[in-house]
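You will see chain A twice below: alongside chain B first, and alongside chain C after that.
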Partner chain A sequence: MAAAASCSTSTRSTGSVVVAASRNSVTSFQRRGPRASGTDSGCSRLVSIAGTRPSVRNGQLLVSTGLPALDQLLGGGLAVGTVLLIEEDKYNIYSPLLFKYFLAEGIVTGHTLLVASAKEDPADILQELPAPLLDDNCKKECDEDICNHKTESNIKMKIAWRYQLLPKMEARPVSSSRFGHYYDVSKRIPQELIEASKWHGFFLPEKISSTLNLEPCSLNHGYIKLLQFIQNIIYEEGFDGSNPQKKQKNILRIGIQNLGSPLWGDDICWTENCDSNHSLTKFLYMLRGLLRSSLSACIITVPTHLIQNKAIIARVTNLSDTVVGLESFIGSEKETNPLYKDYHGLIHIRQIPQLNNLIYDVSDVKDLAFKLKRKLFTIEKPRCCYNLQNRTRLCGLIRV
Partner chain B sequence: MLESLLALGGLVLLRDSVEWEGRSLLKALIKKSALCGEQVHILGCEVSEEEFREGFDSNINSRLVYHDLFRDPLNWSETGETLPGGPLEALRALCRRTDPGPVTIALDSLSWLLLHLPCTTLCQTLHTLSHQDSCHGDSSPGEQVHVLGLLHEELHGPGPLGVLSSLAQTEVTLSGAMGQASAHILYRRPQQRLTHQMDPTTHLTFNLRLSKKEREAKDSLTLPFQFSSEKQQALLCPGLGQATSHIFYEPDAYDDLDQEDPDDDLDV
Partner chain C sequence: MFPELNNLLNTTPDQAEQGKLTLLCDAKTDGSFLVHHFLSFYLKANCKVCFVALIQSFSHYNIVGQKLGVSLTTARECGQLVFLEGLKSAVDVFFRPQEEPHPLQFLREANSGNLQPLYEFVQEALKPVDSGEAAWRCPVLLVDDLSVLLSLGVGAVAVLDFIHYCRATVCWEWKGNVVALVHDSGDAEDEENDILLNGLGHQSHLILRAEGLATGFCKDVHGQLRILWRRPSEPTAQRDRSLTYQYKIQDKNVSFFAKGMSPAVL
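Take a look at the complex of A and B:
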């Protein structure tokens, strides 16, 4: 027994030595002290802002999109200074969800938000964000019995008196320094988190008076107003480094909903050849210029299934950095396909940017499907019935 | 079926074609709304007022507010009957309407408006019109605005049809086979908003509340592990004499405890 024990320990020790040696030869990553999570590491060369981390490929600063699965597909996250374009699905059911995940991630990590929409009031959009699943979330609901007993923290507990001296859980909104959080879609974000966050809203019907006395110009008036608004916020709050007294750097998360729809005053969904063919492309070009020179990241949803001119879709795709397309199965013939019966649609990663890089990471998984469960939005490779066929073949072999 | 079409507020798009006309469905919905006591405004552009009012009995006819754009849309006769500014001004006047209560606005037809107004202006005005309830603060579901729009499918390309479909909360497409008309209805339900939480303890068949006497009796009950306060303090804060339990462990020769090799290094 002793010999066997020594034998096993010796193999274990040599095994660990071998592993350490191989590890040392492959990477130069040295672990120093406790594992650093997120941005708390002192050895990070980049500015440590909450909710960001440097990319392992090119050192670019990344923010989370709110969906860890999507972060992984995009190569770690969304790079700061870039645009994430979401091509909406046909009935606009799932793209608002990705939009909300992005904004909810901004609230949880303490980033400043800028929400622009022509359809819904930004305050209403913020009310509908999903609730984060944080580890040290404390329950707010208490039944009336507990309310009667626990009015102050030094009140004696009647039944659970052994826990009396434990520290009370803090009720303030928790700001997390982790990268990428999970959300519960069936619940709304708590009101305190929204009130503790800083956000700016742009609702087009309020900003533009509905008179017809506007001369047509090369860029749509709604887009001009939005660009001016974004520029003002970036300048006033110092996201472009113009305000040197700012003590703590932060990221600005911009979300623009339904860009290119007629509610923004754009004609491209209406006809193929229209006067304002270049409004949206000019807007995207100027927006990207604003983003590249500031600490911000932007998500835009565009109803590309309504745009009549395919050339405009191609131009819009080229002018954005990361492009993700959603295709839902509702009403299409794929709904009856047995391969897709567990899923609600397909997600296509159409473009990933090359930032400070000569090559970019092309994901080898081409077909990905998404599913909206009651609480979670998941992205996975559709499982085919290959396993079932394999099993029957194996049974055939055994019989022989 | 008519109730389900009017259940969701917002824009109801009725798409018809030459074989299957939709004006009778529009009139049926108007009649239903009028019988429910809602105010009904009609913007008539395609047929004359007499022809539209045909088929309604007198009490319904008296409830309908008819804005006539058919007789003199460009106001050439200058009698002052039509609103100056044409159809856009008529729509904007409906947007600015401040009477409380549920209202139904019927547009006969959207196709005519599409051909006479710039498309983006029409979309923005339709959006403002169908979302009027949110402007007037929190309203209960009974105070909705219904906008019924009749659209002739064959007059427009896929662009306008797609855009109006995306704006509409309910879309009815009329078709049919062999003399039988059928309607294909598409609902876009917005995400449910939690208006207020119902208190689950109301309307129960058993009693969940305690009277004062019952509460006193409950408070004075001694529970099995509820010690006296001295014993509680003694257990909570161990005194000088008592030591908290310690484990003394000396690894012998056969133990291999490597402090610098935590388990999450394992390549599993």
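Take a look at the complex of A and C:
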């Protein structure tokens, strides 16, 4: 074929050469792989983990927080190895939602979960996760596949005949490799998704009943147990690569609820000068140490509005990587402000980590409000309703 | 190393001063770019550096260092850089304790903490070697950052003692330099931090203070840098020299300009 092409006249040879090249499917245009500027040689290996993608800014591996709008504000997603701190809103209504989005995203992408709480049993928390919104086409195809599995005829494609040669993609809505999904908060996650997922729960009242012999340390008892639990899971399941028997290529998503609240045995929410002033900050430091050396990402919700000592809030912020604060309008004077009448609260992106980079990374958009609709949690810039009134007044003036 | 900052400070890697304590502090912004500057500066100046990095991992500093033209892995292998990775060592000392003293021993203690093992680590790392091989220029201790020690339960006085000991050994005895970063908590009323900051401020020869703009966030001007030269050992009537510049951080460099003279405005 190629020999015949070379023998032909010059006007025809270029055409056949092109055809020959595309038939061999080796073209000169090769798409370059993701630049491994920010990670070491294991980048190509890491990119293949479902539900992650490398950051366009510094090559850092990112996971989705479960809210694509929040991912965008944080510069693409949450970096693996970092902590996302959510400063709870006053009555703790909206921060559990962000917590649940994070965990639901983990289930949908097949990541391992570690849920820690002092208030609710982790199994109950998982039952209340929002249901993922799947493509309608995807669902229909799935049903049809089940019914018409054998009777699928080989329809010959006439125009897009090249696509016939490609292998058929399986429609698997359960384990999705897409980055960032949408969820329906009015529905619960299907039971089979929870059962198919791998998760570990840490419920403080159960774990703390056993006595243990520890050297006296300024860390709170509950925090020590939680740190040991997390370290155990990371080591046993091979998330830090130090276990020779287990080679793990998955992400561990850790969720800790209401950290620093009195239920964890911490008294920073009661008094200003407390004995265990350093318990929470020490815990956060050790957690950071564990996360930085493993394939995990963590979300923590802290009731900062209850912490009496402002210095501790500053220290907690410095020890976390990404900090997002929620301020709900319930009970505040902003509830009657006409600018905010369509929204439920404000969301402040207080800190974004500066990893592997000199550039000062701050979110461009500063005033953001959130709204919990029946099915969706949205974040947007509050629109000023005064603009419309001003414009009509001006038009009136010009006419006169 | 940022060439513009070298010009402002009137130094080059060849003529680095010795026996000085430099205090870096940041208020309402992130001053870690100063740490990267001094790390690459002293490595290029052929000094032996002991870096106590408590807040970020080794690969973070390495990747930024490569952008600034130094390789931390090479420096560590040939002995020019002694790197204490705080996060990794803390996990080791907390979960897998051993009998021998560890520089971060205070993490296992219940009371206000003793930084003596850390001081001994620094001493061991920067001790001048008597052999005749090519000696490094002068020892340098770099700490990022001291405010984390307060969060870990160490008292402000213990941290001040640690810096005092390091200064006596590194600056005075071995004619080296000490550079430390402290966060200024501003209106967060962190008394311990204020004690630490004021105490170090009185002992330092050079204070570099990175502040966020008073008017808030701006895309073209990331902050303001206040440089203060001091002479702590000579209580003279002369006022200390001070300069203020605004800066913008870019991918591999930081550009400085006089207040209000940002290229975006002109």
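Operating definition for what follows: the second predicted complex is superposed on the first by the 291 of 400 C-alpha atoms of A that agree within 3 Å, B and C clash if a C-alpha of one lies under 4 Å from a C-alpha of the other, contacts with A are read in each partner's own complex, and residues count from 1 in each chain.
In the analysis below, a contact is a pair of C-beta atoms (placed from the backbone, for glycine too) under 8 Å apart; a residue touches a chain by one contact, two chains touch by 3 or more.
The model shown is predicted, which means the values in this text are computed figures rather than measured ones.
Undergrad: Quick check on the superposed pair: does A:261 touch chain B, chain C, both, or neither? Answer first, second, both or neither.
TA: In the superposition, A:261 contacts chain B only.
Undergrad: Applying the document's definition of touch, where does A:119 land relative to chain B and chain C: first, second, both, or neither?
TA: After superposition on chain A, A:119 lies in contact with chain B alone.
Undergrad: With the two complexes superposed on chain A, say which partner A:221 touches: chain B (first), chain C (second), both, or neither.
TA: Touch partners of A:221: none, neither chain B nor chain C.
Undergrad: Contact-wise, after the overlay, does A:285 reach chain B, chain C, both or neither (first, second, both, neither)?
TA: second
Undergrad: I'd like to know which partner A:269 touches here: chain B for first, chain C for second, both or neither.
TA: So A:269 only meets chain B here.
Undergrad: After superposition on the shared chain, which partner residues are touched by A:128: those of chain B (first), chain C (second), both, or neither?
TA: Touch status of A:128: first partner only.
Undergrad: A:308 contacts which: chain B (first), chain C (second), both, neither?
TA: Touch partner of A:308: chain B, not chain C.
Undergrad: A:92 in the overlay: touching chain B, chain C, both, or neither? Say first, second, both or neither.
TA: It touches chain B, and chain C stays clear.
Undergrad: Considering only the defined contacts, which chain A positions touch chain B in the complex?
TA: Going by the criterion above, the answer is residues 2, 5-6, 9, 12-13, 16, 19, 91-92, 96, 118-119, 121, 124, 127-128, 156, 158-159, 161-162, 164-165, 188, 205, 210, 212, 261-263, 265-267, 269-272, 303, 305-306, 308.
Undergrad: Taking the complex as given, what residues does chain C use to touch chain A?
TA: Within the complex, chain C contacts chain A at residues 29-30, 32-33, 36, 56-57, 59-60, 63-64, 67, 86-88, 90-91, 94-95, 107-111, 147-148, 150-153, 183, 185, 187-193, 217, 219, 222, 249-252, 254.
Undergrad: Help me check something: in the complex, which residues belonging to chain B touch chain A?
TA: 88, 92, 119-121, 123-125, 127-128, 134, 157-160, 162-163, 166-167, 188, 191, 193-194, 223, 226, 229, 232, 235-237, 254, 256, 258, 261, 265, 267
Undergrad: Spell out the part of chain A that touches chain C in their complex, as residue ranges.
TA: Chain A residues touching chain C: 38, 40, 58, 215-218, 227-228, 231, 277-278, 281-282, 285-286, 288-290, 292-293, 310-311, 313-315, 318-319, 354-360, 362, 364, 366.
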